[in-house]
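The next part holds the structures, each set out as structure tokens.
In what comes next, subunit A is part of two complexes: it sits with subunit B in the first one and with subunit C in the second one.
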Partner chain A sequence: MPTIEVKQISKRFGQQIAVDHASFTVDPGEIFALLGPNGAGKTTAIRIILDIFKADSGTVSVLGGPMTEEKKNRLGYLPEERGLYQDVQMDRSLVYLATLKGLSAADASRKVDEMLKRFELYDHRKKKIKELSKGMQQKAQLIVTLIHDPELIIIDEPFSALDPVNTQMVKDLLREEREKGKCIVMCTHQMHQVEELADRLVLINEGKVVLYGGLQEIRRSYSGQEVHVHALTDLPVELPGAVRVEKDNSGYRIHLEPSATPQAFLQTLVERGVQLDKFEIAMPTLDEIFIQVVTTEGNLQ
Partner chain B sequence: MNKVRAVFIHEFLTVLRSRSFLLTLFLIPLAGFATILIISNLKKDNQGTPLISIIAPSPEPKPLGLIDQSGIIQTIPESYSKLMMSSPDLESAQAALADEVISGYYVVLPDYLTSGQVDFYRSDFNPISGGNDSYVLSALLEENLLRADPQRLKLFQQPIKLETHFASTAPQRDPESALTFFLPYAVTMLFYLLILGSSSTMLNSITNEKQNRVMEILLTSMTPLQMLTGKILALGLIGLLQTAFWSGSAFMLYRLSGQTFQLPIEFALPVSLLAWGLLYFVLGYAIYASLMAGVGAMVPNLREGSQATFMVIIPLMIPLFFINTLISAPNGSISMFLSLFPLTAPIAMLTRLAATQVPFWQPALAAVLQTGTAILVVRAIAGLFRAQTLLSGQAFKMKLFFRALAGKA
Partner chain C sequence: MKKFWLVFKHEYLRHVLTKRFIFGILSVPFFVALSIGLGLLSVILGTDKRPVGIIDHSGVLAAPVIYPEKNDGPIPFTTFLFFTDAKQSQAALDNREIQGYYVLEPDYLTTGKVALTATEPLGTGAEGDFATLLRINLLKTQPIELRQRMLEGPDVTIHSVSDSRSVSPDNILGIIMPIVAGILFVVAINISGGYLLQAVVEEKENRTMEIVLTSVSTDQLMAGKIIGNLSVGLTQLAIWLIAAVIGTIFFANLQSDTGSVEMIRSYLLILALTFLPAFVMVAALMAMLGATATEAREAQQISGLFSIPIFMPLWFITTILEHPDSALAVGFSLFPLTSPLTLPVRVAISTVPAWQIGLSLAILVAAAFGAVWLASRAFRLGMLRYGKRLTLRELLRGTA
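So, the complex of A and B:
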């Protein structure tokens, strides 16, 4: 049973269509990326899933059915608009938000202390939120998202305004949560950030789903016309099947003719006596795939 | 229910710990104490006290000159010598006025007995002050005209012994006392400030959460109705505790000042008024706090909220515009209407109850009407207090607000 099942949801604000008949599912124990450029409708889709907004049409099933008050305690959400009570002490603010997720005051207090120690914020617990650095505030918000050990974690723009150290910390944390069997949805326009994390993805543009599936399958399906070659000898001048050869740091990046296949090109190299150290089909980045999809292929749905 | 309780505790403690709340909590009793002290001193000694003389020092009064061309006033008694001095002619009176020996002079014209005319000359033009100084001249004229009939003179000079009798057996206040006016006025202002203050705290709370951008986290943790309920209960209780603290502080400070706490009958509040006051505060607060919550839900920030608030609290201010009518004619038609109309009743009815005896059915009917209105407003606002409105960040429009209240937005 999928953790989230979205069927044909649409949402309009006035004349603006934010989400247009979008469908996808998210399975337990995976990191799922909800991708798209700014204004694509990602946050609106997330808000519909979380029952903050009502869809004009379509249905959403979360944790096996419609959203309920009980289910709100089983999900952790870090919105794009980060915020905490600026004039309240950090530990009080965290305990309050944890109690709203169903924890008793005593449990919330104990878990807040544990998490503050783990995130190296314990010594700052009596400070008001506004007195903390931006990085510390980000960590505090992550604590709010995770403190009640949610089954479903939804993070909107997880790496927004994070420095490289904190970005890595968040990535490690998300991997750790996935290993525990949690379902994680990342919603971002920074597609390169999720390439090393996501298992599957949906790409939204102008409210519509334009790409959906496993990350590696998608990259493979959009690869094939470029190869990376590391050769111990020089490449021949004439290379049938190659359109352009570029030298890069450690070898060659070779663009193939549309009719050529990597397998045939490999055979050509071997036949020409090229001593290969490495032959690799170049995988396009998600950014490249997105550009390719929206400019050449149009929408899938 | 647990989440309502969590919101309740959070709101209660957050307000209780805020510096602005604590400042208000302690400054108001101090201001009230100063007021009571002044009134108490005024009541005890109309001639003034050191405190009054510091607040409003009065200059040393100068006597007035008198030129009697009618020959009625034969002598000026010793008791009036500091207030009135005789001048033989106009030239000497003008010279005394120029030398600031006197502050003005009267000329009783020769035909006074037939015309009754007296001219008054003074150096400055001030239509407010000095207009009532002629009582000395009037007394002198009365004494000299009625010198032959001392009994009639005595009756004439003494005010009538007016004693007012009331049909009701309830304790009555002296209708002539200034305090009789002051009490309803104080009650009106107190309840206006209480309801407005508590309701405004609601607006602050909601706009603060919007500005701190925690609204989205809250909405994925509970329903808007749970949030609204927790806030209304917590901030209402804060308002009640604030009133209790203010009342207790005023009592304590009054005792500490060495005064015996024996209020004159003019200040004695019937217990029923306190009971009605509690009920009307709860109902008035429920109505206006909900309306403020609606404003808070629709405005992007507190600044825009403040502008919208004025429109919402206008009905609460109307009894202040009519306060003289409510006190002087508490059973008149305007007073009756304002005290029954649910949006003005929380203030107007209490003013009437403090000013006079009101038939029981009227405050009871007003309470029923307010309860109905409170239920309608809370339900309408709960509908409005939904996620899409809270997160939209649109500019506030009165038309949209009223449409939302009517359930059409």
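So, the complex of A and C:
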């Protein structure tokens, strides 16, 4: 049973269509990326899933049915608009928000202490939120998101305001949660982070789903007629099947004819006596796919 | 329901445990006590304890009765010292032994002429005490009841046409108390409303709305916030009322009792009936403002729009007291923002037709429901609009 099942949801604000018949599912034990350029409708989709907004049409099922008050205790959400009670001491603020997630006051205090130590914030626990640095506030928010051990974790822009050390820490944390079988939805436009972490993704542009599936399948399906070659010898001048050869950092990027296959081209290289150090089918980065999809969409309209 | 209590507790304690709240709550009774104390002090300091001299050539004060039979004021009756001639009294005045001296001429009984010699005005009450002394001694041959009656004058009581309520100069406390309680009540409404306004805007300013909304339902959140912040106002009101009761008991010991229990009772009943819907109405209006405004300062400024009509009846309080059945008073008791202050006062001092009380309370309850409806709508529509104001048109038409 999928943790989230979104079917044909639409949402309109005045004349503007924020989400347009979007459908996707998210399974337990996976990191799912919700991608899209700014203003694509990602946050609106998340808010509909969380029942903050009502969809104009379509249905959403979370943890096996519509959102209920009881289910709110089983999900952790880190919104894009970060915020905590600025004038309240950090530990008090965290304990209050943890009790709102169904923890008893005693459990909440104990877990807050544990998490503060883990996130290296324990020494700052008596400070007001507004006295903390941005990175510390971000970590405090992550504590609020994870403290009640939620089954479903939804994080909007998880790495904003984090330095490389803390970014790595959050990545490890998300992987750890995935290992525990949690379902994680990551909403972002930072493609390289997604490539490292996500199992599957959906790409939304102007409210519509334009790409949806496993990360590797998508990259493979967008891998064009290109191969990366590292050779110990020079490449012959004549290369049947190749349209263009570009030198890149440590080898060559070779664009193949539309009719050529990578396998046939590899055979040609071997037959020509080229000593290969590395031969790989060039997979496009998510950035490239993203730009390609979004601009093609734009051109179509 | 459990989360409602969590929100309630959080909202209540975060205000009540602050130094600002404790200071605010203590400052009002403190300043009231201080100003009363200063007033008393100035009276006491203004009282000259030295005696006042009298030279009586008329014989009215031969074998005088010095003290009146009844003296219930806080200041002691002036001491009088009798002299036989002006030389002695002038010497006493020069030595500052007396405040001054009166001379009653032989023809005093026919002319009423009395001369006063003093270097400065006599202390508080001395002239009145001299007049009382003269009256007592002029009437000393009359029976004590007659003398008492002539000294105190008539005790006028104003009765309302149809029932037992009455106002007399004796139960002046009965007129003042409804007004003071009304003011305290309205101040408490405004304070809680202000806290609530801040509590709602703060969620928006701190951008905690989404976290809170994915933890607790809007109904429980708003109920917790409204009741929590109203309780802050009620705590304040309760402490002030306790201080007022202590103060009243203190003054009641100084001043003889007032016979206005009946009036106070009907006043308190109507106050309680107007109290709840008015509290909810103002709280909801403030919450609505909080949800529509973009920041606390802006919301605070607009909230004056509600505070002004609530206080307005005070500007016309004399007219309302003198003509409790005038069109103005009736209008004020029907309009939901002015009725909390007007209706209880009218009920206390006159006979208000039942239909007016019923209609006024019905309008107030309807206004409270309307305000809550608008507030929850504004809340859903406006909460996630950071830095963007919700317009009245959107509020009445839009959906979230």
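Points worth noting:
Criterion: the second predicted complex is superposed on the first by the 292 of 301 C-alpha atoms of A that agree within 3 Å, B and C clash if a C-alpha of one lies under 4 Å from a C-alpha of the other, contacts with A are read in each partner's own complex, and residues count from 1 in each chain.
One rule holds for everything that comes next: a contact is a pair of C-beta atoms (placed from the backbone, for glycine too) under 8 Å apart; a residue touches a chain by one contact, two chains touch by 3 or more.
Small disclaimer: the values here were computed from a predicted structure and weren't measured.
Superposition note: with subunit A as the common reference, subunit B and subunit C are in steric clash. Contact with both subunit B and subunit C is seen for A:L100 once the two complexes are overlaid on the shared chain. In the superposed model, A:K72 lies in contact with both subunit B and subunit C. Once the two complexes are laid over each other on the shared chain, residue contacts for A:M136 go to neither subunit B nor subunit C. In the superposition on chain A, the residues of subunit A contacting both subunit B and subunit C are 47, 50, 52-54, 69, 72-73, 75, 77, 79, 81-86, 88, 96-97, 99-101, 144. Contact residues of subunit A toward subunit B in the complex are 47, 50, 52-54, 69, 72-73, 75, 77, 79, 81-88, 96-97, 99-102, 144. Looking at the complex, you find that subunit C touches subunit A at residues 3, 6-7, 10, 14, 202, 205-217, 384, 386, 399-400. Those residues of subunit A lying in contact with subunit C across their complex are 47, 50, 52-54, 69, 72-73, 75, 77, 79, 81-86, 88, 96-97, 99-101, 144. Subunit B makes touch with subunit A in their complex at residues 2-3, 6-7, 10, 14, 18, 208-209, 212-223, 387-388, 391.
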